[in-house]
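First chain written, first letter: the chains are A, B and C, and each begins at residue 1.
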Amino acid sequence: MAGRIVALIVAGLVFGPLALVALRAEGWGLDWPALRFTVTQAALSALASVLLAIPVARALARRRFPGRGALIALLGAPFLLPVIVAVLGLLAIFGRTGLLNRTLGTDLSIYGLHGVVLAHVFFNMPLAVRLILQGWQGIPAERFRLAQSLGFAPRDIARHLERPMLREVLPGALTVIFVICLASFAVALTLGGGPAATTVELAIYQALRFEFDLGRAASLSALQFAICAAAVLLASRVALPSGFGAGLDRQVAFGPAGWRRVADASTLLAATLFVALPLLMVAQRGLPGVASLPMGVWAAAGRSLVVALASTALTVAAALALALARRRWAELAATLPLAASSLVLGTGLFLAIHPFAAPERLALPVTMLVNAVLALPFAYRILAPAAARIEADYGRLADSLAMQGWARLRWLILPRLAQPLGFAAGVSAALSMGDLGVIALFAGQGGATLPLMVQQLMGAYRMEQAGAAALLLVVLSFGLFWSFDAWGRRAAT
Amino acid sequence: MRHLILALLPCAANAETLTVMTYDSFVSEWGPGPAIEAAFEAECGCDLRFIAPGDGAALLARLKLEGARTEADVVLGLDTNLMAEAKRTGLFAPHGQTPALDLPVAWADDTFLPFDWGWFAFVHRTDLTPPTSFEELAASDLRVVIQDPRSSTPGLGLVMWVKAAYGERAAGIWDGLSDNILTVTPGWSEAYGLFTEGEADMVLSYSTSPAYHLIAERDATKAAAIFTEGHYLQVEVAAKLANASPLADRFMEFMLTPAFQAAIPETNWMYPAAGPDPFGDLPKPGKTLTFTPDEAASLRANAIAEWQAALSR
Amino acid sequence: MHGGDVLQLDLTVIWDDFRLTADWGAEAGERIAIIGPSGAGKSTLLMAIAGFVPMQGHIRWNGTDLLAAPGKRPVTTLFQDQNLFPHLTVAQNLALGLSPDLRRMDGVDEALARVGLSGLGARKPAQLSGGQQGRAALARALLRARPVLLLDEPFAALGPALKHEMLDLVDRVAGDALVLMVTHDPADARRIAGRTVMLADGIAHPPMPTAALLDSPPPALRDYLGA
């Protein structure tokens, strides 16, 4: 019931603004080259992110070493970075005068399709690792013990335990990342090297901002939805339940020795460097300016924190309701916002609000709501498989004990979902911190959030202070993420 | 409760409040907004309120969204490339002034008043010898960052610049430039960020950009390359809306007084529209290129298409 | 079927090619074993009574049709595994038998004492042995105090001595309740069940006195017992 209501609200929030924009349209227009580039880069990015994530997730799942928890937390970071900050971090490594080219004495160019894919992999590979790692942790330790007792070689473990799990987890991860990259805008444009790298989202931006062609914006946005919906339907068709039973909560490491230990270590080292080096560059750029940050930046940081916490509460509640509904429509409702152009969302909400109230008075509530909707797909992806597993493992027992409604939520679902809940809340909070969303359309004087402040500083030539404010943003986002995630993992043990 | 309802209603234009819609960097802590707000409020004894829905390009879109219902009395921050389209909305009223302006071109528009202006230019570090024309740039192996004309005002300015300098030959110039363009960013700040990071040799910005580094950072290592074809002019303008409060006229007058104009150079880093040249030491182009608003409006789509075709290859 | 039956079955379960019918009754306080080849549908019959398997026909309790949701039936079920929530303490797991929202804890300690788990209430299930986990599940059945106890081979994994101990405990704990117990081991049936249902070829035959049935088994049962 709650799931149905949430699904309706989400669909209303996603399609309502689109409809309002379309109603004001005077014509239609599509952009085929943009569509082709958008789909190509999104597909390549999703494939590369997920393929690279599998060995990393496996190494993390089967090895125990000091700093493992910190590494898993670190993997949350890139996804939470404001795009332009991350791009500058990546350029410091892979750019024309970056670390790589300077060390190797080469002149490799990052600009072009491969650069777009590289940046998307930086953002999304760690997310894929976290999603796949959850799948690995969902295989009961008893199964691995059984496999060991049967003398399974790593190949047999892969065949009987890991591949069925991957078949369940990968389509979802691929879909999420594909759809995230569909709506990519700044990465594709900044690293794409030119107008050949025009994405649909950029075409929407152009239509709204410069040409004021609402019809073109609405039809491009509808097209984006169509691709997203197709991807989701395809993924849920491929996804097969892996049929693992429940196990008692014991965790063991099961790493095979020999060359595989070396391979795992190198994989983890490479992944750590790939993620950490650009982050270090962001820190190095930002630190010198921190002391001279103006008061306004701290006030904006406070506003961003409030917005992030409020929208996290909304997101997690909505994602939980949808995850517990365990239906195709719930999955569709939870995934649609991924393809929602935040520009169209913002413009539509603006059209809805403007006749009744001054938009800048509602800037923060609207930002909160939009951030909550935009973060929903991630929270849902994290919660849904875990919720399904709980039902499969303990649904009958709970039914037989008449645990329904609140009792089931309080004593079965929340405690067993604690870890994914913490992760989902962390991701939602950090996304909300970092997302520019619609604030720019609604912002008045003095109501800026931290990401908007970063942009304003950059727009005022203050690159050093912008770097410092960006670092503050990263630290706060990461702090929120880490707090929620750590809470979840503590509550789960 | 009543307060809440009042707060949620569009505030009925209180005679004491003047609402100015402008771009976000104008009202930021580092823009001219705060100083201008204080000065005007002291003079008129009223409340000056800014709304800032985004960058310069977003202003017009926002105004079209709102139509005649807009609560803005004055829109400040459109540029010459967008003026014709803005005028076609029919939302604006003539300013009724005969101002004394210090612009490199004559100004006769009866609706829009300039408040600052600048020349687009490529900014480079002083350790390289800059090209002196687009053709020289195209022949060099320098790498430049530019902005997308479909999402940024400087990006559009560059496309119009090439069009103004080369007319029919513009497409050929873009062909020659295409291998010098490192990448195209959505907005000015991303491009400028790439340049200061050392990714590019030059960035499309303004001839006054080096003044920021000189004055605010005491850094003399940035300079603007002066091109012999001349430089395209950007004039930033303001206009009052047809159903504006009477305070709008006072604000339009105030805009060209020293109290407003003095705030411009070291916040917007542009030349003030009325007043002495604050950046006397900076090199200036020998020739100013410009289009009338109507020319700009009619050339825009075609010029962007030429740009896009050349760079998509 | 005779007048003393509290539970009356007249049901058919159909799943693709699988078919199972039962048409018999059981009296209060009886101990009835259900025996038969694996795959014949022993668990299915139990799950139909518990309310987890859709079926045609009737299950009557004291003459009225049982249609309620599983948790509302006059039934306590012990599954083959997953009888305890691993994230709750043993005491909390027991208290779920009193109220699903864990608002009551009264009687939990006594129940633990009756199954020999005194002092272990604060542990998590993973810290208990297999036998202890079975005892905890039985202690919850005690607290639920429903007139029917369904056992779906919950002790199959235990050794013979331990299993006999558990069956005796079941007998004590169940008291006046009717016990229906799935097993594949005739010794289990002999130990506590007065009557036994033979399930073969899609039919759950009416319960017969255990000793008589096992001493001279019909052909289908003889094949299964391998005697």
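As a convention for this text, contacts are C-beta pairs under 8 Å (C-beta built on N, C-alpha and C of every residue); 3 or more make two chains touch, one makes a residue touch a chain.
All of these numbers come straight from a predicted model, not from anything done at the bench.
Asks: Work out per-chain C-alpha centres and flag the one nearest the whole-protein C-alpha centre.
Replies: It is chain A that sits nearest the middle.
Asks: If you count the contact pairs for each chain pair, which pair has the most?
Replies: A-B
Asks: Chain A to chain B: how many Å between their CA centres?
Replies: Chain A and chain B have C-alpha centres separated by 35 Å.
Asks: Using Cα averages as centroids, what's the distance between chain B and chain C in whole Å?
Replies: 81
Asks: Taking each chain's centre as the mean position of its Cα atoms, how many Å separate chain A from chain C?
Replies: Taking the average C-alpha coordinate of chain A and of chain C, the gap between them is 47 Å.
Asks: Can you tell me which positions in chain A touch chain B when the two form their complex?
Replies: 33, 84, 87-88, 91-92, 95-97, 111, 185-186, 189-196, 202, 205-206, 208-210, 212, 294, 296, 347, 350-351, 354-358, 360-362, 440-445, 448, 452-453, 455-463, 466
Asks: Mind listing the chain A positions that touch chain C in their complex?
Replies: For chain A paired with chain C, touching residues are 245-246, 248-250, 393-394, 396-397, 399-404, 406-408, 410-412, 415-416, 492.
Asks: Can you name the residues of chain C that touch chain A in the complex?
Replies: Residues 50-52, 69-72, 75-77, 79, 81-83, 85-88, 92, 96-97, 99-102, 124-126, 144 of chain C touch chain A in their complex.
Asks: Can you list the chain B residues touching chain A in their complex?
Replies: Those in contact with chain A are residues 7-11, 24-25, 27-31, 33, 49-55, 57-58, 60-62, 64-66, 69, 71, 143, 148, 150-151, 156, 178, 181-190, 192-194, 196-200, 209, 212-213, 216, 267, 269, 307-308, 311-313.
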